[in-house]
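In what follows, structures are represented as structure tokens.
Heads up, the next two complexes both have chain A, just with different partners, chain B and then chain C.
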Partner chain A sequence: MTAKRQKMSFSCILDIGVPFETEKQATIAKRTLEQDPILKPDDLVVRYEVNTSSLDMHFEAISDRVLRVAVSSVLESLKTVIEVIDEFE
Partner chain B sequence: MSSTRHQDTKELPSYEEALQEHERPPPYTPPLTGSIMASITRLSRDDPDPIYEDLNNVVDSTDFADVDHYNYDVLSNAVRDVSLDTDGSSKGIVTMVNLDQYAKPGKHTYTAIGLEGSANKLGVGIIRHNLGPLSQENRAQVLSNVRDTYITPPGEGFLPRDTARHHRNWVVRLIKRSMEEAGVSREELDCICFTKGPGMGAPLQSVVIAARALSQLWDLPLIGVNHCIGHIEMGREITGADNPVVLYVSGGNTQVIAYSNQRYRIFGETLDIAIGNCLDRFARTLKIPNYPSPGYNIEQLAKKGSNYIELPYTVKGMDLSMSGILAYIDQLANDLFKGNTSNKVIFNQETKEAQITVEDLCFSLQETLFAMLVEITERAMAHVNTNQVLIVGGVGCNERLQKMMEDMVLDRKGSIYATDERFCIDNGIMIAHAGLLEFRMGKRFELKDTVCTQKFRTDEVLVSWRD
Partner chain C sequence: MPPSAVYKTNGLQHEFTTDVPRDELTTEGKTTGPSEFVMSKGATDRDKPSEAKDSAMGLLRCQVTRLQDDINEFLTRRMQQEASNKGDGSSKEQEAEELEKQLLDGADED
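Let's turn to the complex of A and B:
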């Protein structure tokens, strides 16, 4: 993992885990978010993973700025997903 | 549910009544002094092109063999196709499209929810179709149609990021309200429709997120809809227009469209900015409010204007260009506000007093832009040999545009179809309607196919539900 990061020269890395009530909810969030393509794959890599009922997001970016923009955009979308689940499940 | 059904066909006078009305001077139209009349009459009289000579008759499409047009091959094919279609249907040999081959056994209706957010309006609508082909006897039912518009302060346009934030804030509340208004439970829904494009990227994406989450939560298929197709299909459904030339005029699009061979083909369109964009940006220059919409406020000002100022008239074949007109009229407005008395158009050179007003500018802008639209629509009608015109899109609620188009269409003994702001301005119900038609033809979207696109042309969509 470490070796790969160095090769790709992604210096800014962030992991966020969001706990959900059920694994189904976390899967819905993952499948909703992962569809939209990354506009600049050379600058940013995002991975989503569901571990039991938690959505683990892994961001790797070439700069703080790219990382901040990506994380805030994903969190904004995640808020909509959570609101939908909260309201309509 | 019939009480909640909105039938919105525009009441049109009979042909004789309309003709009389037409011969009287229109109520709020001041005498036209400038070139606007000249430019219209010039088209019908002096131009030797055969297309203009027969303007007052419904012309046989084969007469256009020597129309000089850059896109003539495509057009002539389209003309041929349309005339074939007409021949076929009159002899009854065209088979009807079966819209019910995917119907669930035991169910007599289809219900769809549509989410629209391609620009500054967020709309959610729920529509219901009965089994069988749609007709005047079997119409779609509008169960709910709610909208929330992101309004910016005077002088400011809406930016993608702020608009997306508005949509995210409201989308869940609006879906909830729409479901409550319709009195529909999630079990009754058949599919979830959303706008796939064209539009602004960030607002589109913020709405599709909700659509995807909802589709997985309720286990319903997703249908991505082309925004323009939504406008056209909803316009046809509401007005009952059968095979019209469609003028689609909104903040982001300006297109003249006709149906041929399972595609809505674009006959003419803007080469630069959309007509609504042109009006919105002029409203920003004037710093007039964006509520309820900038175009509406320009229309109200234009009613008080009477001096026509000559503006560039930029029809290019079947296409339009509007950025130059905007730059020119923006300059006039700025000179007027700054009191730049060297401008001879605005200021009387002897008294140094302004001889035109903001109202005159709005009036002139509308007259010029709409005359251009009428011209290319009229030509498209001749090309496809139809005398129906359907106006859709946000600018379509402008009554002056409707009136000008009506005058032209009545000259051709045709009929004009338009809707009011509930269905003209972007709304969720049209997305639900067009999406439900695709659903009934068996179209389904995987999650990976639900990525929105800013560019999505009207003719990319295969119109499988028409023959």
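Let's turn to the complex of A and C:
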């Protein structure tokens, strides 16, 4: 396992920027999404950041497959967050 | 500015934008939900997304859906390429379709 980790690197990187209307909305999204634990931290790194009203998401994965699964899952959750904000605001 | 993304790997860079007219956008993703195969067998999609409201957040939800589809399709193509580079080239399309189906209907590994 250790040898595998030494060979693998976070070579697949994706940065996503999602503009909200307000910083408060972007912060709600960030706080909601970051509750989900990363199940395989050896395979994937995810960081969320709020820059004014934009939610910036940074993904680093050991493969395109890991990246695809993680990004799609986070975006699926993000769509729910956006829908909830839309319903309650 | 609509949502956007940048993919980077070993010298390659690919940009995704969602600068698309509103009437071309929907909350129903092509690469999410049950696969066509499952639906053709009579399944009901109980998690089908609601239609977007005519609001800024409604538009954002549609744009994120488009971004998600574009990223999923791009990464699936890359996985497909990687698989065909490794293998002997036979029935690779079938394998890619199988992989896409697994990802849509739930793979256990990741």
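One rule holds for everything that comes next: the second predicted complex is superposed on the first by the 81 of 89 C-alpha atoms of A that agree within 3 Å, B and C clash if a C-alpha of one lies under 4 Å from a C-alpha of the other, contacts with A are read in each partner's own complex, and residues count from 1 in each chain.
One rule holds for everything that comes next: contacts are C-beta pairs under 8 Å (C-beta built on N, C-alpha and C of every residue); 3 or more make two chains touch, one makes a residue touch a chain.
Source: prediction; values computed, not measured.
Shared-chain residue A:79: touches chain B and chain C both.
Of the two partner chains, neither chain B nor chain C is touched by A:22.
Between chain B and chain C, C touches the greater number of residues of chain A. Of the two partner chains, chain B and chain C are each touched by A:89.
Within the superposed three-chain model, A:51 lies out of touch with both chain B and chain C [touch as defined at top]. Touched by chain B in one complex and by chain C in the other are residues 76, 79, 83, 85, 89 of chain A.
Note for the complex: chain A touches chain B at residues 27-29, 31-33, 35-37, 76-77, 79-81, 83-85, 87-89.
Residues of chain C that touch chain A in their complex: 1-10, 27, 31-32, 49-50, 53, 55-58, 60-61, 64-65, 67-68, 71-72, 75-76, 78-79, 82, 103, 107, 110. Against chain A, the residues of chain B that register as touching in their complex are 165, 168, 171-172, 175-176, 186, 205-206, 209-210, 212-214, 216-218, 447-448, 450-451.
Every residue of chain A that touches chain C in the complex is listed here, in rising order: 11-21, 40, 64-72, 75-76, 78-79, 82-83, 85-86, 89.
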